[in-house]
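Chain nomenclature is as follows: A, B and C, assigned in order of appearance, with residue numbering initiated at 1 for each chain independently.
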């Protein structure tokens, strides 16, 4: 295929974000109130309602929302597709476990270290691909994901055994990191994860609203736009990749201390592909999309399992979702649902005003 | 370190398996060159077809069962190309490849639903029952087919692309779709031919894989990886390099099975053998990145 | 002053620019020629998207071709394209801010300089509206604002009036005429609209098949029979 250097048309995975017709930021106070209410519910209202199985499920969802957030930023903001996000979470878990057995660093430090090491590895993976097109970046991440998965399958997660890999056969299949003292119970740990997730979302929002976000918007518009605005595209693409990898690493660190610990079986190859699907469906343009993605990835399967519905149907649904999003609904559900709700609201409003006029 | 005698059986299996990787790689490259679509659902299509054959065996004549796999490969690939080719035609190759992930997930879900992984399924191609003894190694006809088919397919495709009208049209399409269309070439029909051809190759590989490695759904679906690695080494362009790369990947990966006494960490080298395609592909990609200036678009 | 010396660009068998030697003096210079004459390719060489096979470009005494492409805006190069470059999901202010913060603009005076560029193009009223909600003419003006913010030294306009109705083109022309005085930059304007070129540019150069065929005061150049022939072709006596 010819690479036309004169092309200035956008080449992102999903078309540019749908722009609100009024062109200004939407009602801020209302949104903030809704978000605050949701967070309050998650922190205080939800835990008492759940049994230990469901507590595990929603904790997993909170953690995976960070992984989805990183991928969503990459795809939606910069137009880069990575197929190794889930594997990087596994790397994060590995690093956190290794450090927890080797040192006595406090929990937050362990998780941060996991984040930074994973960010470094992610940057290494993305670095060579920057000279190649977006398709090759996706493929190199796929290859890296496969390679890392195989290595992980062979060495397994550290469980306190000796040697660099830290795994001993006597230790058992899954390993678990000790939790921070203020989050020992499952419910407390869930709250801890939600708080960390909120911090990640704030980190993402900070990036999007400031210089990096503007630079990414230029890159996504086209390489030529970015270069002619003076943007160092290599730097900002790497930054995005490092940020997404950092989030995956932090998520992995948190996974290491979740109930049941981590085992290699938790990170199969298909999950990276499925994550891509749910992130696309959730909507890569809005940060809310990551929440929707986490719901689709972790909560919906558990619900279906409870109701006796086969989860394979979900896989089929995700496949259809990918095709649909790429063809018609670039903003995904996070964009579509508010629009549909707004439309519904307007229709209801019209019904009422018609009634008034008739009266 | 294993000696040549220890390696020989793995060499044969590696050639056969590598042949299937190579064949799939060539199928991927031809489709990519003609349509810009890197069909990541390739492995899933092959596996679904093989499972269909497995289900039909016992009920119908075995040749019909195997033909069904080939027909399925061709039909599904063609159907996808006809429905989802045009809407994505003008978009970036990355988008096109991502769309095929949708197909991959649909097929994966269908397979896991219709053929739950709780039982192991295998079939034995009639060709496995005939074998030769070459240099103390038993080589059966399935494996020989795995070695010969790719070469035939590659040579045939190369000739086809160069000599026939449709083939030349495909090469023109790869270069510039719009100009080709303006020249009066029936673009949609040529693309359909590329989809169909690619799908039939996929179906054939499905039949062979079912015999060579068995029908582990997830495993075979992601057997696209070695094929992809081979295609990448061929820079998504050269058929012969892809063919050679496929064989090399198969041989290296298979021969590593014999390295049970060389260890990395606590595990024998053999446990790491499936890393072969990934490592080779990464090395190839790094090599290509080195020679290119920063791509502008 | 821009000095182009013996510039040649080759793409395989095609030679879009052929041994071009040209001097662009201060103020606003026009660059015209039939389609395919090499004007956009020339801009692409200046932007760094295309590497010439031979030749040098000296801009204000510096070797422009030695500067990496993404650093040229920081040096002072600005450019618009035939296709739209304004980023729809950012506001007008953010579009201009983007350029200022990546071209070494002083952080202390950033806000002021961005607002100055926005008001220069008459977009102050819509400064905080998203570009996607604006009309075509206003979106073009956003690109002009991006070109003039900070300290530009060389501004390239590639058919800025394309697709705009006549009144808007006239307004755009008046704006472009003020730029050298406002910013001290050298402006090069490529366009097919001869009235726009006459209105804005003191001098004009003409390209045909990658070669320079005329250069000088705009009015003279537009009357030059070689130039007319390049655009309209010659009559054949049968």
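Here, a residue touches a chain if its C-beta (ideal position, glycine included) is under 8 Å from a C-beta of that chain, and two chains touch if they have at least 3 such contacts.
The shown structure was predicted, so the numbers you read here are calculated from the model rather than taken from an experiment.
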(request) Compute per-chain Cα centres, compare each with the mean of all protein Cα atoms, and return the closest chain. (result) A
(message) Among all chains, whose Cα centre is located farthest from the one for chain C?
(response) B
(message) Centroid from C-alpha atoms only, then distance chain A to chain B, rounded to Å. What do you get?
(response) 31
(message) I'd like to verify one number: the distance from the centre of chain B to the centre of chain C, where each centre is the average of its C-alpha atoms, in whole angstrom.
(response) 50
(message) Using mean CA coordinates as chain centres, what's the gap between chain A and chain C in Å?
(response) 42
(request) Return the residues of chain B touching two or more other chains; collapse runs of consecutive numbers into ranges. (result) 296
(request) Mind pulling the residue numbers of chain C that touch at least two other chains? (result) 49
(request) Please set out, as single numbers or ranges, the residues of chain A touching at least two other chains. (result) 5, 224, 227
(message) Give the list of chain A residues in touch with chain C in this complex.
(response) 5-6, 8-9, 16-17, 19-24, 211, 214-215, 217-218, 221, 224-233
(request) Would you tell me which residues of chain B are touching chain A in their complex? (result) 36, 38, 84, 87-88, 92-95, 97-99, 101-110, 112-113, 174-176, 218, 222, 225, 228-229, 232, 264-267, 271-272, 274-275, 277-279, 281-282, 285-286, 288-290, 292-297
(request) Would you tell me which residues of chain C are touching chain A in their complex? (result) 40, 44, 47-50, 69-74, 78-79, 81, 83, 85, 87-90, 94, 97-99, 101-103, 128-130, 132-134, 146
(request) Flag every residue of chain A that touches chain B in the complex, lowest number first. (result) 1-5, 7, 11-13, 81, 128-136, 138-140, 142-144, 146-147, 150-151, 153-155, 163-165, 167, 222-224, 227, 234, 268-270, 273-274, 276-277, 280, 310, 312-323, 326-327
